[in-house]
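Remarks on the structure that follows.
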Amino acid sequence: MRQRLNKALGPVAFVLVLLTVWLGLFVTPPDVDQGELVRLVYIHPALAWVALYVAFGMAALCSVLYLWPRTRSMVFDYLAAAAVEVGVVFTILTLITGSIWGRPTWGVWWTWDARLTSTALLGVLFLGYLALRRVPADPHVRARRCAVAALFAAVDVPIVHFSVLWWQTLHQGATVLNSNLTPTIHGSMAWTLLLSFVAFTLVFVWMVIARYRIEVIRVAGQDVALEAAIASRRAEGVPS
Amino acid sequence: MAPAIHLRSAVVVVGRFPVLAGVDLDLDEGSVSAVLGANGAGKTSLLRLLAGLVPVEGGQATILGHDLGTERQALRHHVGLLGHDAGMYEELFPKENLVFALRAARLDPTRAEPALERVGIQGRLARTPMGQLSAGQQRRVGLALLLARRPQVWLLDEPHAALDSEARTLLGELVEEAAVGGAIVVATSHEPNLVLPMADRVITMAGGVVIDNQPGLRKPPGASHVA
Amino acid sequence: MWRDAWLVAGRDLRIEARSRVALWQVLPFAILVLFLFAFSFGPQRSQLANSAPGLFWLALLFSTVLFAQRSRALEGSPATRESTRLLGLDPAGVFLGKMMALSVELVLLEILLILGVIFLFHVVVVSWLILVSSCLLAALGLSAVSVLYGALSGESRMRATLLPVLMLPIAAPVLIAGVRSFQAALEHGAGLGGRWVGVLAVFSVVYSALGIGLYGALEEN
């Protein structure tokens, strides 16, 4: 059952993305103010949602679970690493699509607004995490270091966010859920937007699972090697 | 009575390499053991395991009633390790190093001075930064720390290296005193003729395991009443 | 915990006092950074005075990375670290002690840098209260982060290159808040300075607390 679900996940995510593309490009109407540009709304917010909340939320949660002695397990280490790796990709895509959107609307590729700047800083923070993962160390030592690093980075995010927010702001407010909780866009646009969130979240989940399974297979290979290594180590002592 | 040090099939992995591939060893209080073996046989790794510095990947390891799987920190307090590098702060004087270590271990810092005098580090030497002392002098300071800390387990990694003949005699005396006082001494060596006279047990290692365990030349003083 | 903290702080400061690495390498570097900034901005008085807060905090941040390296290096060879581990020091105490020693060094550096920007960049301090409180809080926060990341990068030979990429993004809020509180302290009077001092305070408290809680997990293996 679980395996079937796993197998189905990739195709389902792919179909949903295709559906989003089709609805976003051909079915939904252009916007009154933004014209065709508005079609970026079916990509950019969903990417940002996955990168900022799903990916890094998951990385932080898994790191805490790893550090908590009762739930300590390498599973959470692998999951956190997978979430950050995929999250960095989504962050970069968020920045790129934001930039493409920003050029015609603001007239510049980059603006020092709060959300843009904190997103970029968050990306750099988690690139640092990936750099730390590549430092050779005992797997458990590395897991602990990386979990702590992820936690430090996660704690920094709200501080970064508020400093940058007070520093300067000229971004539009969150669109879907504004203060009175009524969607400000309607009909096919709202449904397509919602679909894009589901589609990209599924893509993320699919990628994380794939990355996690690669890690498990890699480590399993090394465990078999350990048994053999003990045998050959003992054999060193036998005079030939 | 259970032996003070008890290892059964103890495995230690560094990186991906099993430096210890299933060690069996039992040592009693008041014993002096010499660990012999070629380079890379696992002698230093054994000492690091006994010090609680490396995690045990498999098998059992109990030292002074502490299970190394779960209570490595609690054990460390009772262990003194003297390695190739004396493990001192290079910028600090010998006495400052000892006082720091004694304070950190919650022991009386006034033990530093007599211990240093005993190993012949006094006068100008006592006020020279560790980094400027010779290898043999640094090792003497390391011995002084063991002397001042009086740990229950003495782990000596090739203790004779870099020591002059006078210091080697002193080392023999200190080890004997410690063992008579109930400490467990484990010393690795490449020179059997130097360690055999001071050891009551000679352990030979190869390929990360103990391959031979023979009585040594030393007569354990407590042997009659322990048995 | 505090007993071990004082012991470790004493050790670090004593080693630093004897080796003088901070005095001969880090302090000159910080001053050099001020000069280099002046070269890159040109000699106009008004421009230098306007950018002085930013220059001060950038110089401080870059020097902090060097201090973080140094603070880790003080602990000596792997053998020294191991024999220290056998002494059974409380990790929270070790963290606090290293943090205290580093804070002292950072405050000294800040004093030097403040004198530097006053003499070289012709700034006039209006609110010393904001200036001093932001400097002290930043010293605490940055030293906490330095000690933590020093431990995070471990024995690795990549430490020199790893530390800046790990530490500087974390310290970004310190830069933003520090610069803004300095601007408040220099020209506009107290104004919004309080809010930025608050950010610095939150940063220091958060990372000190994390350090006390997690330093043990980092140092163990």
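Which chain is which? They are A, B and C, in the order written, and residues in each are numbered from 1.
To be clear about the criterion, a contact is a pair of C-beta atoms (placed from the backbone, for glycine too) under 8 Å apart; a residue touches a chain by one contact, two chains touch by 3 or more.
What you see is a predicted model; the values in this text were computed from it and never measured.
Greatest centre-to-centre distance from subunit C is found for B, with centres as Cα means. Just to note, of A-B and A-C, the chains joined by more C-beta pairs in contact are A-C.
Computed centre separation for the pair subunit B/subunit C is 39 angstrom, with centres defined by C-alpha atoms.
Subunit A and subunit B, compared by their mean Cα positions, are separated by 50 Å. Between the Cα centres of subunit A and subunit C there is a gap of 31 Å. The multi-chain contact residues of subunit B, meaning those touching 2 or more other chains, are 55. Chain contacts: subunit C has residues 220-221 touching two or more partner chains. Multi-chain contact residues of subunit A (touching two or more other chains): 136, 138, 140. Contact residues on subunit C toward subunit B in their complex (touch as defined above): 4, 7, 11, 14-15, 18-19, 74, 76-77, 79-80, 82-89, 220-221. Interface of subunit C with subunit A (complex): residues 148, 152-154, 156, 158, 162, 165-166, 169-170, 172-173, 176-177, 180, 195, 199, 202-203, 206-207, 210, 214, 217-218, 220-221. Per the touch definition, subunit B reaches subunit A in the complex via residues 11, 13-19, 21-22, 40-41, 55, 205-209, 211.
Of all residues in subunit A, only 136, 138, 140, 222, 225-226, 229-230, 233-238 touch subunit B in the complex they form. Contacts from subunit A toward subunit C in the complex involve residues 67, 121, 124-125, 127-128, 131-132, 135-138, 140-141, 144-145, 148-149, 151-153, 155-156, 159-160, 162-164, 166-167.
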